[in-house]
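Just passing along the structure, written as structure tokens.
For clarity, chains are labelled A, B, C and D in written order, and residue numbers in each chain start from 1.
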Amino acid sequence: MIPDEDFVQIQGVPGPTKEEVRCLVMCKARIASNDTVVDVGCGSGGLTLESARKARKVIALDKNPEALELTRQNLQKHGLTPKVQLVEGDALEVLEGIESFDTFLVGGSSGDLPFIIKQGYEKLNKHGRIVVTSILLETRVEAVDTLKELGMTPDVVEVTIAKGKITERGTMMLGRNPITIISAVK
Amino acid sequence: MIPDEDFVQIQGVPGPTKEEVRCLVMCKARIASNDTVVDVGCGSGGLTLESARKARKVIALDKNPEALELTRQNLQKHGLTPKVQLVEGDALEVLEGIESFDTFLVGGSSGDLPFIIKQGYEKLNKHGRIVVTSILLETRVEAVDTLKELGMTPDVVEVTIAKGKITERGTMMLGRNPITIISAVK
Amino acid sequence: MIPDEDFVQIQGVPGPTKEEVRCLVMCKARIASNDTVVDVGCGSGGLTLESARKARKVIALDKNPEALELTRQNLQKHGLTPKVQLVEGDALEVLEGIESFDTFLVGGSSGDLPFIIKQGYEKLNKHGRIVVTSILLETRVEAVDTLKELGMTPDVVEVTIAKGKITERGTMMLGRNPITIISAVK
Amino acid sequence: MIPDEDFVQIQGVPGPTKEEVRCLVMCKARIASNDTVVDVGCGSGGLTLESARKARKVIALDKNPEALELTRQNLQKHGLTPKVQLVEGDALEVLEGIESFDTFLVGGSSGDLPFIIKQGYEKLNKHGRIVVTSILLETRVEAVDTLKELGMTPDVVEVTIAKGKITERGTMMLGRNPITIISAVK
């Protein structure tokens, strides 16, 4: 994974998704070298960049132009620009215009998560994967419910990470916000 | 427990120990109404105040005069001043001058934890309790090793808390630093 | 708190709620000595017994007669029988027959949690407290949503505990299932 | 990662290391296709197999012949036998006979962790990586201390995972034992 500190960051755009969480999301996504990935709510570009290192093509969406600009800068910094198409706009609208893909990554805090998952599912190739990253109590349940409704069996993993900070007095354990990763195969 | 926000806070003194951790430390300490408690490294006074609500008498130590002043202010704010004796100084020296007590609370980041635990053990009444709160990897092991060396059986509990923040988009889970509570009975 | 191993246990009835979780639930419940507590889904009686040590009166409900019998045995073992009324039946029906109370404890895995919370709220005295303990993703959200709908501000705490097991090779950390405690004041 | 249930398991040999932990260890190990990996305490072969999928060669050690036999079966099941050399014996002795390698994986519960890390460090190529997986309080500190003594800067990550179990009543969160991953680059 790209180290957290190697991402350009700007105020107002959260992220990037921490190294350990990117690592787990990538494991669940099982991206193959010929895959097309759609990343909804790309933010700082953490998952976009990691996907771009593995996939043939990545389409990254965000409704916030600052997030897209930041993702663009991070792609450039890491030489991953050619593989990624950046699209500003509402996820539901943008998804309409995309033909099909193999992996569907969704940052879980969007307002209409169930609709986004359903529309992504429509365009998802057979054996494709949906991976939702959720930091809200509510979106975890929305993701699980929607995936079950679509006939999939969700894999649910709640991850709590503490990082050690080496200080003179010893190794201080600093807690991170817990994240839940909900994934399923079509 | 006293709500976190009801403590006076000043820059440079950490704390207070969060409500949920105070709650668990108090459970492990099992303070009775006739007990004397010694609180080493009182900081903002979180555990001092909770102990003062249960015990007959509390002796609170800190080598940082600002911490003692802050504890003094918090005791006054909550009407608990009469029960508590505040002592500035090095724990090992101060402990020499104390006769005996029933509960020994130790904030685990002090440099000479094993010595402090041993000296506290000497002055601890039969059936008294030692409760160490540790945020460093190293002090957890020091506490366990020292309590075992003293012939006690340590109870070790690592606690990771996430608090929900109610936002418009949902309940965001915010992680806290994990804390380990190591306790034993003489 | 009563040590976990001091509870009578039988196969088929889960519990008791672990010491550390009982401790946190009791902190959030803030039971006063003159209070009446209703405990919905008493199971092995963990929270019933802790409530009985603090409150004037506890009414413990469960639809499972084995759970009630087990709670009865645990109350007897700890000399707390006189304070507790055990009622077998569906929570919604039983609640109809109770006049009012100060603390409402709900084990979160019941099927109709929102209705139970609403009916409990009706009977709850002003300044009374609702404390829901949830082990399912879904009931956490149901509890938060219902408390918000009732105009209350839920306090949400997710607790992850690991207990140290002292072995010859060292202190092995054994994970417990995470539990979310959702509470609010009327 | 290979799904947990795709590993042959036998009583008496713990493991395999769970999918999510294997995933994080592999991220920290950053194995390149031309690398040689040494896996100390291979157990069921979880990390051996994942390493074999990425590296040129893996040397897997265990003092327990049953563990080696199980790793052998798992390698065969997943067609990874040719890349892996299995060696029974004490880690310190076996390491003497190995020339050099790029990645050093250590299961952290061994008795003489500091010596194993030091000897591995000797044989580790420049820019090589050491990754220790620890389930004991004590070995976490031993790993951090030894890596610091060797002039490295340890990266410390404590990971607590809960897996959702889909039941009729909802998604029950089941806790796993916390694991600490300590890694460093030479």
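To be clear about the criterion, a residue touches a chain if its C-beta (ideal position, glycine included) is under 8 Å from a C-beta of that chain, and two chains touch if they have at least 3 such contacts.
These are the chains along with the protein names UniProt gives them: A, B, C, D = Probable cobalt-precorrin-6B C(15)-methyltransferase (decarboxylating).
It should be emphasised that the depicted structure is a prediction, and the values quoted were computed from it without experimental measurement.
Remark: among chain pairs A-B and A-D, A-D carries the greater number of C-beta contacts. Subunit A and subunit C have centres, each the mean of its CA atoms, that are 37 Å apart. If you average the Cα atoms of subunit A and of subunit B, the two centres end up 41 Å apart. In terms of their C-alpha centroids, the spacing between subunit A and subunit D amounts to 27 Å. In subunit D, the residues touching two or more other chains are 137-138, 141, 144, 156, 158, 160, 162, 164, 171, 173, 178. Judged by the touch criterion defined above, the protein chains are all mutually in contact, each touching every other. Subunit D makes touch with subunit B in their complex at residues 137-138, 140-141, 144, 156, 158, 160, 178. For subunit A in complex with subunit B, the residues that touch the partner chain are 109, 111, 135-139, 160, 162, 164, 169-178. Across the interface of their complex, subunit B is touched by residues 1, 19-20, 23-24, 27, 141, 144, 148, 153-164, 166, 171, 173, 182 of subunit C.
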